[in-house]
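Let me give you the structure first, and then I'll get to my questions.
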Amino acid sequence: MLNEKPATIGVMTSGGDSPGMNPCIRAVVRTASANNVQVLGIMDGYEGLINAEFRPLGVRDVGGILQRGGTILQTQRSLRFHEKRYQREAIRNMNSAGMDGLIVIGGEGSLKGAHALAEQDVRVVAVPASIDNDIWGTNMAIGVDTAMNTIMEAVDKLRDTASSHSRAFLIETMGRGCGYLAVMAGIVCGAEMVLIPEVPVTVEEVAKAVDEAYMRGKKHCIIIVAEGASVKVSDLAKALDDMDVGFTTRVTILGHIQRGGSPTAFERMLASRLGIKAAEALLAGESDVMVGLHGRDIELVSLADVTAKSRQASMLYYEMARMLAR
Amino acid sequence: MLNEKPATIGVMTSGGDSPGMNPCIRAVVRTASANNVQVLGIMDGYEGLINAEFRPLGVRDVGGILQRGGTILQTQRSLRFHEKRYQREAIRNMNSAGMDGLIVIGGEGSLKGAHALAEQDVRVVAVPASIDNDIWGTNMAIGVDTAMNTIMEAVDKLRDTASSHSRAFLIETMGRGCGYLAVMAGIVCGAEMVLIPEVPVTVEEVAKAVDEAYMRGKKHCIIIVAEGASVKVSDLAKALDDMDVGFTTRVTILGHIQRGGSPTAFERMLASRLGIKAAEALLAGESDVMVGLHGRDIELVSLADVTAKSRQASMLYYEMARMLAR
Amino acid sequence: MLNEKPATIGVMTSGGDSPGMNPCIRAVVRTASANNVQVLGIMDGYEGLINAEFRPLGVRDVGGILQRGGTILQTQRSLRFHEKRYQREAIRNMNSAGMDGLIVIGGEGSLKGAHALAEQDVRVVAVPASIDNDIWGTNMAIGVDTAMNTIMEAVDKLRDTASSHSRAFLIETMGRGCGYLAVMAGIVCGAEMVLIPEVPVTVEEVAKAVDEAYMRGKKHCIIIVAEGASVKVSDLAKALDDMDVGFTTRVTILGHIQRGGSPTAFERMLASRLGIKAAEALLAGESDVMVGLHGRDIELVSLADVTAKSRQASMLYYEMARMLAR
Amino acid sequence: MLNEKPATIGVMTSGGDSPGMNPCIRAVVRTASANNVQVLGIMDGYEGLINAEFRPLGVRDVGGILQRGGTILQTQRSLRFHEKRYQREAIRNMNSAGMDGLIVIGGEGSLKGAHALAEQDVRVVAVPASIDNDIWGTNMAIGVDTAMNTIMEAVDKLRDTASSHSRAFLIETMGRGCGYLAVMAGIVCGAEMVLIPEVPVTVEEVAKAVDEAYMRGKKHCIIIVAEGASVKVSDLAKALDDMDVGFTTRVTILGHIQRGGSPTAFERMLASRLGIKAAEALLAGESDVMVGLHGRDIELVSLADVTAKSRQASMLYYEMARMLAR
């Protein structure tokens, strides 16, 4: 039975960091405080849970973090947390710190960890955070809007210089298994082509399309390539140079820049709403659930479902990117 | 009967401009082109309709405008369009240019004009654009997300300098009748107080609250004031100085800066989706409707409803701003 | 005699804060550390000196502050430091903390304080920081480049929306006694007019010039007004509205936004170089001097000279602004 | 003899584009206009000179370009302009268009072309533009300040995410022969290490230094690598992964993003001043010279000298980067 109101809860950020984690932590702390509940911040994700690295978080401790990228609780990937004995260690630490419930802010792996804890009768509510937007059960995860704006601003700069003739720009974005970020970036940046894991192509097919764009009189060609696409940026660059398609090829690899930056307005709003809802749900006795954005509303979804399913880029948006690029 | 497929449509931007109008024009043109329909751009809003200032817009004409603020079609307020005889002049111009339908991108006044035309059997679909987000029938209008980020970045800069002691910052944002922008800005900026038209207060009440914040030990106080709030920024500044509440008062009036800037990723996405849907609806024979964002979906709402109702800031978000500011 | 090498020095920021103070503090601390000298940070400017609010600053304490606006040492104006007895109190505190020298980062008033201390045999080196760039003895003070970019980005946003017809935008910038910021902003923003303290004009003259611009066919008119100009923004706005010059008038008051923001590249470079030079000069036994940028070089100037003279906007640049606005 | 006042002059941008070219074109046109001289814009650099692609540029044609990246005249590299017969073709085109003088805005190769024309009695004044800052005879070339800010903003984003543990970030910047940009970026970004062409190192040496930083307890390590450094980013990433130094390695390749973006305030100022001086010098009968920034002043230097010498990163700043990174 999970229906007493907890007097102390824990909050952690876990996995790859994403902008918006800080506003989410702030919302959790302030909601808890408004309900006279103490919050313990857990450092370094599941590692900190195993090592009992806790520190009290009061209303003032989360002042001035709304606009900061990264996470004040830091984050780390924990391999050993997959093992039962470390999970048991974590639960023991939570108990001895008097933690009655836990809020986990993180991506796919972190949600699996949260679900594992819930199955061992830990009261846990999860918040989706992943710039890849690859988490099932929410329209948007924390970090996506900021990452998208970061990519967009980078490509906007390329457009300036693209006014000179005949260049093909290849931009690698994040997205190992899910092309969401690349497809959306393709639309908002007006890219001529988007390559994503969900739609396998060969280097030859891409090169042919670039060649055709050149022959049709395009002055430049912007191609956004998700990290996990079937074609790698370096291979494509080489192929285009070898085939001499008319465009000179230039490569940009954004890398971890996409994880940084001050969270956007949308991000802070989403992160605040998810944080408030997560805290309220936990205090109301919910467990083994994730908060997610559904249309305009924040709703609860079962962690069992979230961790069993995966999300891919929408083919509708993929087609929209193509139509708008004409 | 409005069900033949039009061969030529017109598109205009009207009223106060807002970032995202350009991506919306682009989406309209490219969707029309994908359906082999010609587009005529109407300059300067309804004034251009009265004066027959039209120019053909092809796929290439809307290249490179995705990232530009403002509107390539320019915009103007037209007082005389309220008069029937000028509306008739406009319709005559549309007919002689062979325009079979019209897309109007604009705010409340512009939507009324669109509705007036539709009632005279002009096929017209409207797209909501207003940084105030005061239009009924859509979760978000074009321009809101960019304006919110503009306000937020300004307030973030104030926060830097607020690290010095004892300052009250008053920031005036747009919003004559609707406090949406101010409330949302209050949440994403972490403002201590938000003053909006929907919640009348007196200067004395505000000054008292500021004084209390000072006495509680707050190091600074950020107050966001919508243009249409019951308390004016200049009066409040004077009152705070006169009462000597402990804080030194500093005023920022953002003004039309809020209408500018390159559209954000969310904005470009929303504007593109609304533009596509508007063009598709018009080509499918719809009229006297507005496209609007409802949850994740773009849906049609009746212009009669839109123009009859008005929208206010959500009290839920107003309370959320207060709770998070604790 | 001031020529022993000090073992402990103090550093403070004073007066109005300006972006770049943090990189300057960092450079002071790391230069001192490279010379095995301890640094004490003095909180809240001269107030902290009077109240003995000191804290040790090590190499790690200034990590991650390079990109932060504001100042980690905070700043305050101190009226009572003008009085001899408080200066004596300050010197006593310095002595009992074992402080052998002092680096003061601040504007005109702060430099006077530094000079007053130096005259009482305190070893002191000053660094010019003032977004107004009103300090004699340096080409650029800390904060100017960032403030200029902040103003510029704001005006660039106005330009987007200025594509709509017939608007006069009035933008008030800082600059009570010195029009430097306004003149430079005028050039980099392409303003049609710049009003500064150094060139008194009447409201009528300005209104006439705006009217002429309208008659010549200008589509909009951007006017940058320094805080200390003979014509006030609100008076000018009223006059333009009353005269009905053809343009609708819109006002933006930037206020303290100009003091915020992450320091630009130029700013960080300048602040670092000034901080290094100040620390080196102090360690080399110099006193009663300010470090300043002269051409490409950082040089020492006498504080007696600096505090006796004042700086105004260059009429050459004022003329350049006019020529480029044609 | 070159001392009649020309009635028509040409202006072109050439080589790799850099932000600030547009404000420079604007200043040239407005200065010429103030002297009643016509300006012809030459498209696509020397290619446009060979092909006689000229268009008149009036005062209004350069309105609204101050804030645009890229160049409205476009730019291209011209291999065939190295050949005497194409240079003769270009001169013939200039003569038949009545062009009495030429302003060339570009980098090293473009300046050589300008010098070649001057030796054939064409009146030519050059303006240095190169984000690498590798041109002898000016403290700063057009494009450097904006590129530096672009790099800095990217690295600032990495810093946010670097708050998570144990990452080495490798950032490749431009700079084939000159490490200026990388060294300056190293200082303003607070990088732990900077690799430049002027200071050859081996992969092993770098890996060893990274390992030592890890052992000393550094939480992350930011390494800026100029394109032309002896160690390539990809080789270094592989070596660090193979050696398992403790840090996980993440790569960012900025690429042509560094050429884009709206010019900064400093850039617009510098570009305007250089453009004015170039036009004035040409009108005053000067030829075979480049305008350059020397301290605070814009001065003329002989193109013979400029093209004979090359510029390297200052070892002083290289040492400063090391000292500040402690």
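Chains here go by letter, A, B, C and D, matching the order in which they are written, and residues are numbered from 1 within each.
Basically, contacts are C-beta pairs under 8 Å (C-beta built on N, C-alpha and C of every residue); 3 or more make two chains touch, one makes a residue touch a chain.
Because the structure is a prediction, the values reported are computed rather than measured.
*Asks:* Any chains in contact with both chain A and chain D?
*Replies:* none
*Asks:* Looking at CA centres, what chain is most distant from chain D?
*Replies:* That would be chain B.
*Asks:* Nearest whole angstrom, what separates the Cα centre of chain C from the Cα centre of chain D?
*Replies:* 29
*Asks:* How far is the middle of chain A from the middle of chain C, if each middle is the mean of its Cα atoms, in Å?
*Replies:* 40
*Asks:* Taking the mean of the CA coordinates per chain, how far is chain B from chain C in Å?
*Replies:* One centre to the other, that is 36 Å.
*Asks:* Mind pulling the chain A residues that touch 2 or more other chains?
*Replies:* Touching at least two other chains: 156, 159.
*Asks:* All pairs of touching chains, please: list them by chain label.
*Replies:* Pairs satisfying the touch definition: A-B, A-D, B-C, C-D.
*Asks:* How about chain D: which of its residues touch chain A in the complex?
*Replies:* It comes out as residues 17, 19, 44, 68-72, 74-76, 150, 154, 156-165, 167, 169, 250-257, 259-262.
*Asks:* Enumerate the contact residues on chain A facing chain B in the complex.
*Replies:* Listed in rising order, the residues of chain A that touch chain B are 26-27, 30-31, 33-34, 59, 63-64, 66-67, 139, 145, 148-149, 151-152, 156, 159, 184-185, 187-190, 262, 264-266, 268-269, 272-273, 276, 294-297, 320, 323-324, 326.
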